[in-house]
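Next up, some structures in structure tokens.
Next come two complexes, and both contain chain A; in the first it sits with chain B, in the second with chain C.
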Partner chain A sequence: MTSHKAKISSGNVGIVIVSHSPDVARGAADMVRQMVGDAIPLAWCGGAPGGGLGTNVEAILSAIERAWSEAGVAILVDLGGAETNSEMAVELLPEERRERVVICDAPVVEGAVMAGTEASAGSTLEQVRSTAEELRAR
Partner chain B sequence: MDNAPMTFSATGSVRIEHEIGLHARPSVKLTQLAKTFGSKIEFATSPEGPWLDAKSIVKVMGSKTPKGSILHFRAEGPDAAAAVEALVALVERDFEPQADA
Partner chain C sequence: MQIDAELQHKLIGTVARCVIDHAEELTALDQAIGDGDHGINMKRGFDAVLADLDKTSALPVNEALKAVGMALVMKVGGASGPLYGTLFMTLGKAFPELPTRAGLAEAFSAAVDAVKMRGKSDVKMKTMLDVLVPVLETLRRSGGDLYAELRATAQWAAEATVPMQAVRGRASFLGARSVGHMDPGARSSWLMVEAVAGVLEGAQSMTGTDKDRAISR
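Now for the complex of A and B:
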């Protein structure tokens, strides 16, 4: 996997996709890149360290690092452990970064595209989160 | 939508010829373009409305506007005319990037 961080210098909110399945995470990230474009930092992780389905805190931390933006990072998760491990990863971040990371309560694929679209326009972290979560309210 | 009287200085309409209508990718492009303008921009599939925020990806994609629909735009603000012109042009060129971009 390549890091997109090097070529992106925009101040836009970053997006992290966390799925139990690396295929789902990679596929969702592909959709964001193709539909939204290159204007946002984007990273994904998924799968257990030994292979198979799962999520783990270290991989999530690394993805947050790759997608880091001063404007913050919005995380999209699929099920159960993806959310709890993401929460754990956020707690392990340096204090000054912790407040600038949110986990969105939204479907992972659709939420990632919505959040990415909002982020690409230079919106704040809170706007990005609420756009992703608006899907759920409809 | 609020019911307060509001005047819109710029309006425009265009027929959607994109094969699948205003689906995922066209919706993202339309929203991204709308967000580059400072004006308030709304769209509707009928001149009577309902008018929806063109800067909301959830609203734009949620409209599920099919091919053949007439998309109406209205805008109010400092760059209203340019916004409507640009959005109509985007739909006219079938959501492809600008040739000179």
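Now for the complex of A and C:
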């Protein structure tokens, strides 16, 4: 898993970062990009509908669309509402996509970097999720 | 009494305005034990509901409930969006053809179960469920003045969240420090029950229908 810059491969799992704060989400995405370059589809969103801290189901749906990969999408979230809104967004996806999106139980910044690095190696969605979730016990 | 467009308009409008009017109180409660955004979030959601009120209340009741739920899901911006959104959307999905008391209780029960799933939560965790579940029981069992009993249940149930320690949601971060404050979600649920009971009671006294027929066509 060396950091490398490659063309975005639709074969790699996509990563979505959802934070209550757009600054946190953007910053976490910057860190992932620095690690893996363009090797994975990556999108972020943060903030409530109309602004302010919070999360937005519509924005999460659009981020999933931007980071879409046939290999699936792993979502990293910060606090409770981000998780609940992400679960809601996944349920609103077309049925054939729902199965290929997971929400990782991991800290948002570290989890995104770990998941992104794993995804850039061409790992499966399940591998990406479990790598991110290894951080839980730390 | 039929749930016609006029009554539907009044029900949705009154619930929305009641929550919006109490936004500051909800925020104050949430500042005590959460992240202080419940009032702002709920106001944003119900402002969106009010903006669509004329269109929504012209829909069949099940579609109207789903539309209210979807507006909350899309506009609230916090966990309460999917939670209340799921409540309304499931109520819409399960709404009986003939809204008898038993049929409504069934539908409300399905909606409460969906909220439990969405929030991975249950009673005694200091959440909106601590109001919704007792209200469901009253809807099932009330033998007397249904609307007065629903209001009373919602009130004691919300007040009963004060000494609880939060297990779910942001308030759970506070552990024992969450004790001593009413749960903001319990308060917003109480407000909605009070609004619905008030409107239905008013509609009933206007038409003079007896209680058992009050919520049946």
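To be clear about the criterion, the second predicted complex is superposed on the first by the 128 of 138 C-alpha atoms of A that agree within 3 Å, B and C clash if a C-alpha of one lies under 4 Å from a C-alpha of the other, contacts with A are read in each partner's own complex, and residues count from 1 in each chain.
Note that in this section a residue touches a chain if its C-beta (ideal position, glycine included) is under 8 Å from a C-beta of that chain, and two chains touch if they have at least 3 such contacts.
Treat the numbers as computed from the prediction; the structure is a model and nothing was measured.
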item	value
Room on chain A for both chain B and chain C (clash or fit)	fit
Touching partner for A:85 - first (chain B), second (chain C), both, neither	second
Superposition-derived comparison: chain B or chain C, residues of chain A touched	C
A:56 touches, of chain B and chain C: first, second, both or neither?	second
Partner chain(s) touched by A:35 [first = chain B, second = chain C, both, neither]	first
First, second, both or neither for A:117, with chain B first and chain C second	first
Touched partner set for A:48, first chain B, second chain C, both or neither	second
First, second, both or neither for A:131, with chain B first and chain C second	first
Overlay on chain A, chain C to chain B nearest C-alpha distance, Å	27
Residue numbers on chain A that touch chain C, as the complex places them	47-50, 52-58, 79-81, 83-85, 87-88, 92
Contacting residues of chain A [partner chain B, same complex]	34-37, 113-114, 117-118, 120-123, 131, 134-135, 138
Residue numbers on chain B that touch chain A, as the complex places them	24-25, 28, 31-32, 35-36, 55-58, 61-62
Residues on chain C engaged by chain A in the complex (per definition of touch)	35, 37, 40-41, 44, 73-83, 85-86, 118-119, 169-170
